[in-house]
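Per-chain numbering from 1; labels A, B, C and D assigned in written order.
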Amino acid sequence: MSYDVQSIRQQFPILNQEIQGRPLVYLDNAATAQKPITVIDAISDYYLNYNANVHRGVHTLSQRATDAMEAVREEVRAHINAAETAEIIFTRGITDSINTIAFGMGAVVSNNQNVVITAIEHHSNIVPWQMLCQRTGAELRHLPMNEHGEVVLDDIEDIIDENTAMVAFNHISNALGTINPVEAILNRAQKVGAWTLVDGAQSGPHARVDVRAWNVDFFTLSSHKMYGPTGLGVLYGKRKKLEALPPYQGGGEMIATVTLDGSTYAGLPHKFEAGTPHIEGIIGFGAALKYINEIGIEAIAAHERELLKYATQECSEIEGFRVIGDAKNKASVLSFVVDGTHPYDLGVLLDQQGVAVRTGQHCTQPIMDAFCIDGTARASFAMYNTKKEIDIFKTALEKAVTMLR
Amino acid sequence: MSYDVQSIRQQFPILNQEIQGRPLVYLDNAATAQKPITVIDAISDYYLNYNANVHRGVHTLSQRATDAMEAVREEVRAHINAAETAEIIFTRGITDSINTIAFGMGAVVSNNQNVVITAIEHHSNIVPWQMLCQRTGAELRHLPMNEHGEVVLDDIEDIIDENTAMVAFNHISNALGTINPVEAILNRAQKVGAWTLVDGAQSGPHARVDVRAWNVDFFTLSSHKMYGPTGLGVLYGKRKKLEALPPYQGGGEMIATVTLDGSTYAGLPHKFEAGTPHIEGIIGFGAALKYINEIGIEAIAAHERELLKYATQECSEIEGFRVIGDAKNKASVLSFVVDGTHPYDLGVLLDQQGVAVRTGQHCTQPIMDAFCIDGTARASFAMYNTKKEIDIFKTALEKAVTMLR
Amino acid sequence: MATIKERQQVLIEEFEFFDEWMDKYNHIIEMGKSLDALPKEKKKDDLLVQGCQSKVWLHAEKNGDNVLFQADADAIIAKGIVAMLIDVFNDQPAKEVAAADHGFLEEIGLKDHLSPTRANGLMSIIKQMKFYALAFAG
Amino acid sequence: MATIKERQQVLIEEFEFFDEWMDKYNHIIEMGKSLDALPKEKKKDDLLVQGCQSKVWLHAEKNGDNVLFQADADAIIAKGIVAMLIDVFNDQPAKEVAAADHGFLEEIGLKDHLSPTRANGLMSIIKQMKFYALAFAG
């Protein structure tokens, strides 16, 4: 079956609208993806038919909600090939997931150790580790990048050493689209016995990940970037590692027994799921996963590769157009500057023409500093984008550049 | 205008269904409330028309989403009469809110200090303080309760003393319905200079709260208990107090500048809002607040008082029926046991008759221990419940008790 | 002595009589009432089955190749369900218990109770029984 | 010298000509280009207006009862918007700047830009101008 982008677009009603009198061209997918109608319907269906608080409820609605939620846990497990559902924890998003681990590692990291990230991380995979290092006295190191926006492994054996407690990095950079050499980095980390975490914010919608093939300790996803609802993330962790960490938040669900003098904690996954879960988000995310799998993540990725290649070629014809991040191995993100223009101005003038791109630092200030720029404009692609949209984008960009010069 | 419960019920389509062949009687509102159609529509409308990631986005959808989200922040501010929107922080729920504060206080509490809660707290307002005390060496104390489930203030001057760093308690107990003497406790705390936090999980849907009239430092709400979406809470904090605390999570949005060597943090409210917010939840919660205010929280509370009185009277006719928690000042919750029956059995047999109640410890094990019971069955009321439903509940309960004896 | 399959069949036929939820639950309650209570000294916390909202104690011991179960619960419906399981699995070859199918519960109309997340913990009890049986069989 | 109200009126009339977004933005860009750049030594971080996605520097000083504004921005549209504000508020009585209405921005079709959350920070710039004016007036 060939990739039928038009029938996919019909599943995303939001795309069928005008912005400033022009058809919407939504190219801000790395920030958040639009939701197919099945996700919107799953949410409505939940609230119209079986909303209830989960777990410990003996009544029918509560049991239906619990079953639906736990079925999604199993779907997530299968999706990333985790060993057991207890290793799938629902969080608020990538940021929450990484903070959960970085907080917990405060109990196991000492001041002669170090934590290694890369030069191309999202703030959510930088700041929690800075906080951990502040608390523990550990050192924060990073693998550097080259002028293509690729992580350089030349000194990896010095940087990741016997004292490395954790190596945490993103699979795909949201600002550059660079696909990191995951295996090479994991191999080195595993060799020295460091724990590992992969930030899958941008892999979720664009790549198949098998956590056991990677043998990674922690992996994390954000629902809203995967065509699912906001306010939900996934934290995968190996049972042994999760068990070695203290719980992050205290509250309902995460306890076994509570007296006013002390508490004992529940087993996985509940130990890390304090409070009423985002039930609706979980159910919506289940529908999103189903939809992704229906289309096929490989087919989506192939389609996006096409778009990226086409957009890069087309836009390179514009005078002064400069791709920021031209890694050999790239996914779905076209970050750029145009000489003599400011990304903000480009963003405003593209918006006037119905084209939505993101402008600024994309929560990756260190990358911008390294490229000596204030920011970029970023077009990022999803399963529903088309070549025709890229033509519109290019024409709009040309007009914007003309106006600004 | 008189209270028109039938027209309210029409706004909650989920109520119009059969469970086990009987009309649903939903009396599990203290666990989570059902959602009016305006909330469900607001969510769909967001995803159908203007879903986008917020802040820093220059394109139209992002600006619409940001405006909608920030408008809700202002509605929340007005709803609880906070001084400024910067004091309104969106969290994942009460549990997340309390953990945020308890974590932050690790930086300001010392081991000669103490934290005071009450004997009738939800686990979410116990465990985070136990963790804080473990980290800091501070002592956890509590105001005791009497046989009515009321907090006893006789020794308050000894319990809350010059060394009290924080006094944290719920406004209304989810397990008993007890309305705490908020002002009296706050007065004592303020007199000794302790910080104060009120857990408003059960006040949100049932009472008007004015944080400035109380002069409370922190106050927190859960959207899902207030007819809004899951996965969202509100943390109110006085500017000065919030500024005195370190941020909880690191990541996007909460930073001012990030380099690989260190970061500076953004101002309020962003400092405490790391990561992509639960935009859809915030927008849905805005619709819920609007709906509550349309009906009027005082009118809702009055209706629920009627129901509670009626249910208590009616059920007391059942032999062996025993109310757990008969405080003078009560709201919306009827927790009970029936001699010679187990709450779990009652719950199962009520469910067979279409009646949804919660059974167990309600995340308040210390209360159950104090009453020397394993748990209760709990019927809890919301704006849409009716006397007729209470009649059905009573009849069903009688049948269940007969079967079990 | 009847096999596991045969005992299951008996139960299925028993429950076929009941059209009404009340009759079905009355029967479960009766089964619960007629199950011998565990003596107090056997109601130890380490015999508690995790994942039930009521307390369910399960005790198992070896009897040759067979496995003997004793159980109790503080909620009567939970106890009735446990009684049913004991009825089926008690004093049966450990190997067969470990391998047994529990589809009969669906057939007698307890499908609702079979989800692993249910507060009654029916699946947890079955798992625990099989866990013992497996240990004894091995 | 024209009052704030009069200057606003002039701007409103200027923008009335433009039916097309392109013309409007071209005009804003022109205004940006014709605004004198701030000398480098004045582009200090403490003059940056918070809440703009592009960098906007705003400098204010007293001139008798009046307030003088100088500003610059690294994005040209932001600079054009700032130029417009300077056009209206520069060398006007501090009191009047502090009290001035900014509804004219809506009338010239920049309503979209007026929300406090906008990345352009237009509201932040206006607030900052009024903040200076208030300080000088007081």
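Please note the rule applied: a residue touches a chain if its C-beta (ideal position, glycine included) is under 8 Å from a C-beta of that chain, and two chains touch if they have at least 3 such contacts.
Since the structure is predicted, the reported quantities are computational estimates derived from the model, not experimental observations.
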item: Distance between chain centroids, defined by C-alpha means - chain C, chain D (Å); value: 77
item: Mean-CA-position distance for chain B and chain A (Å); value: 31
item: Between chain B and chain C, centroid-to-centroid distance (C-alpha), Å; value: 38
item: Sequence positions of chain B contacting 2 or more other chains; value: 20, 56-58, 60, 344, 347-348, 359-360
item: Residues within chain C bordering two or more other chains; value: 53, 119-120
item: Contact graph of the chains (line, ring, star, complete, other); value: other
item: Chain pairs that touch, as defined at the top of this document; value: A-B, A-C, A-D, B-C, B-D
item: Touching residues on chain B, where the partner in the complex is chain D; value: 54-58, 60, 63, 66-67, 70, 267
item: Contacting residues of chain D [partner chain B, same complex]; value: 50, 53, 112, 115-120
item: Residues on chain B engaged by chain C in the complex (per definition of touch); value: 20, 341-345, 347-349, 352, 359-360, 374-375, 399, 403-404
item: Interfacial residue positions of chain C with respect to chain B in the complex; value: 21-22, 25-26, 29, 53-55, 74-78, 119-120
item: List of chain B residues in touch with chain A within their complex; value: 13-14, 17, 19-20, 24, 26, 28, 31-32, 34-35, 39-40, 43-44, 47-53, 56-62, 92-96, 98-99, 102, 117, 119, 122-124, 126-128, 130-131, 140, 142, 222, 224, 229-232, 248-255, 257-260, 262-263, 274-281, 344, 347-348, 350-351, 355-360, 363, 365-366, 369
